[in-house]
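For reference, the structure is listed below as structure tokens.
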């Protein structure tokens, strides 16, 4: 089966700085890859390249069956629609409520209102928080709202940049459960994290990146964890 | 002599332009007669009208090259659009200066809201905006793309501005100014066409040089990329 | 743009005032016409020359930084 | 495309309903401009009445600039620009949605400013047949051109200064045409105004078409 992500010698420039200096990486569907490495190693750039948000200047880059080189409008849109990116920024409109935000982004990706409601329920945002403007949420609550958007869009490739940051214990457990469910449902997951213990417990593979290249790629062999939340998966 | 943006071709072109300019100056300032109605001020037209027309041509090339870039995404079109806009901006400034000085001596004021003068001023601001986009500190590909769209939009903007300013002046029945009311004799006509040729040559000459300067800027940007990648990879040593 | 037009309008007003003083002389005086004609040509040619010289300097500085084979037009 | 447009427009109007930036900041600003003009020009000598069309459209232009700036500021904060690119929305749909939302807000502003010039400057708005279509066409042109340049400048650090530089000269024909059409209408000789209305319609159609064609390029990595 075709890997979800296939990179060979991928170089990506930020201005004149080679943030990625030749990356070789394959991620299969159903895999949970932990991406670790020091600050400035290229983790975020790698995730953004996989989302077709940054151009790969040279080298091979295939994501979800699309060649990133020469990707034109409609094909690029089709690819991006299947990618869920959880970045440091929320990607939400601060002045809209959680419910409005999740509904808008879910519907933009072709999902319907029911998907949005189910995702909010799953992230425990269906109570009081539902009608609160995103700008007035705490950092952890915002992260949950971003996760709800990701979940509602049902992406085939999850790109999570420091997903545990800012979440409380319950939130982290919930997130781990979601990641496990996603992978079992056939999504490929790449998560960049400094929190080694927590991330390693869910990852099926650990990849170390430094200086814009992969320096270590080892199979951990952990089975995806079972969802811990009492609620049913959406 | 690989020390700049010259080549045998541009040297010949440059020599032709300079000789042509000298001949043009002789005709414009000495040989051609003063006009009956406009007297000596007609000598400004030999610079005013050619710079204006060539500047419009330069604009047209910028628009065309921008479209070319959007279709082909090749560096050459992008650089061509930028180079043409730069030279066009200089020529437009020359048009404005000569137009204002002519206005000063003929109408007694530096500026009137003549349709053509207003259009030229608008175009000048439009091209300044375009050049501002070209100087944005962005990744080259993105900057080229934004510049190409702005360059493409110069076309319809010019057309819209043309109709708006023309109707604006004619419907308001302000001072109607026709610049072509002078009766031109043979020498004057020859001087005018010589001016067109010389400023055309000047444009092409400058265009080629600016194209090469912008091209070199890109090459300098690319410089040391392999070295930078190797250096970046050395950061990885000892991390795993 | 409006700001620019406003500035231009102000300039025009200022010019108006200055011109009002010698308007009568202006149209008759050929010396004055010649002065403006020369000013016009000098301004245009000087501007073009300035741009050309600066461009040449920049081209030379850039060309020195890159290897020979990338300057094949020369 | 139209579904995406409706989605984006609905989202923008909901955002305005919640934040009330246009209502609480842009509208008072527009009225303030009208008052400042009255201070700057002597209102007793009929100058104000003569230049009402121009002042009205200058006020609309500046408020429109603020509205466009606001409409695209919300798309460039906190990862929203990335989210928009990942959303799968059709760029042409996003463009139409933004145009529609900006146009609706501008039309509301124009009604307010219209009341303003009637009350403050004593304008006579009886030639509705020309005034209303002029407003509609000018607004569409303003919103379309504004959206093209708005998204172009949205992700940039210099957007507050770059947008006026790019947009205002492009909108000069709209200012000239709308002002002239209003002059004809208010001056009681509407016949001449139809030609200007034609120019406004062509401008609006032109920039809507250009926006549909180029928005994908601008949004791709904008």
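Order as written gives the chain letters A, B, C and D; numbering starts at 1 within each chain.
The rule is simple: a contact is a pair of C-beta atoms (placed from the backbone, for glycine too) under 8 Å apart; a residue touches a chain by one contact, two chains touch by 3 or more.
Note that the coordinates shown come from a computational prediction; the quantities given were computed from them, not determined experimentally.
Trainee: Tell me which chain's centre, taken as the mean of its C-alpha atoms, is farthest from chain B.
Mentor: Between chain B and every other chain, the largest centroid distance is to A.
Trainee: Central chain, going by Cα centroids?
Mentor: Per-chain C-alpha centroids ranked by distance to the global centroid put D first.
Trainee: Between chain B and chain C, tell me the centre distance in angstrom, where each centre is the average of that chain's C-alpha atoms.
Mentor: About 13 Å separates the centre of chain B from that of chain C.
Trainee: For chain C and chain D, what's the span in angstrom between their mean Cα positions?
Mentor: The mean C-alpha positions of chain C and chain D differ by 36 Å.
Trainee: List the centre-to-centre spacing of chain A and chain B in whole Å, with centres computed as mean CA coordinates.
Mentor: Their C-alpha centroids are separated by 48 Å.
Trainee: Measure off the straight-line distance from the CA centroid of chain A to the CA centroid of chain D, and report it in whole Å.
Mentor: 38
Trainee: Residues of chain D that touch two or more other chains: which are they?
Mentor: 169, 172, 220-221
Trainee: So which bits of chain A are touching at least two other chains?
Mentor: Touching at least two other chains: 55.
Trainee: Specify, in ascending order, the residues of chain B that touch 2 or more different other chains.
Mentor: In chain B, 122, 125, 141 touch at least two other chains.
Trainee: Help me check something: in the complex, which residues belonging to chain A touch chain B?
Mentor: It comes out as residues 11, 13-19, 21-22, 37-38, 41, 55, 208, 210-213, 215-216.
Trainee: Under the touch definition given earlier, write down the residues of chain B that touch chain D in their complex.
Mentor: Answer in residue numbers: 70, 122, 125-126, 128-129, 132-133, 136, 138, 141-142, 145-146, 148-150, 152-153, 156-157, 160-161, 163-165, 167-168, 171.
Trainee: List the residues on chain B that touch chain C in their complex, please.
Mentor: 1-7, 21, 25, 28-29, 39-41, 43-44, 47-48, 51, 90, 93-94, 97-98, 101-102, 104-105, 108-112, 121-122, 125, 202, 206, 209-210, 212-213, 216-217, 219-220, 223
Trainee: Help me check something: in the complex, which residues belonging to chain D touch chain B?
Mentor: 148, 152, 156, 158, 162, 165-166, 169-170, 172-173, 176-177, 180, 192, 195-196, 199, 202-203, 206-207, 210, 214, 217-218, 220-222
Trainee: Of all residues in chain A, which touch chain D in the complex?
Mentor: Going by the criterion above, the answer is residues 48, 51, 53, 55, 73, 76-78, 80-81, 83-85, 87-97, 100, 104-105, 107-110, 133, 149.
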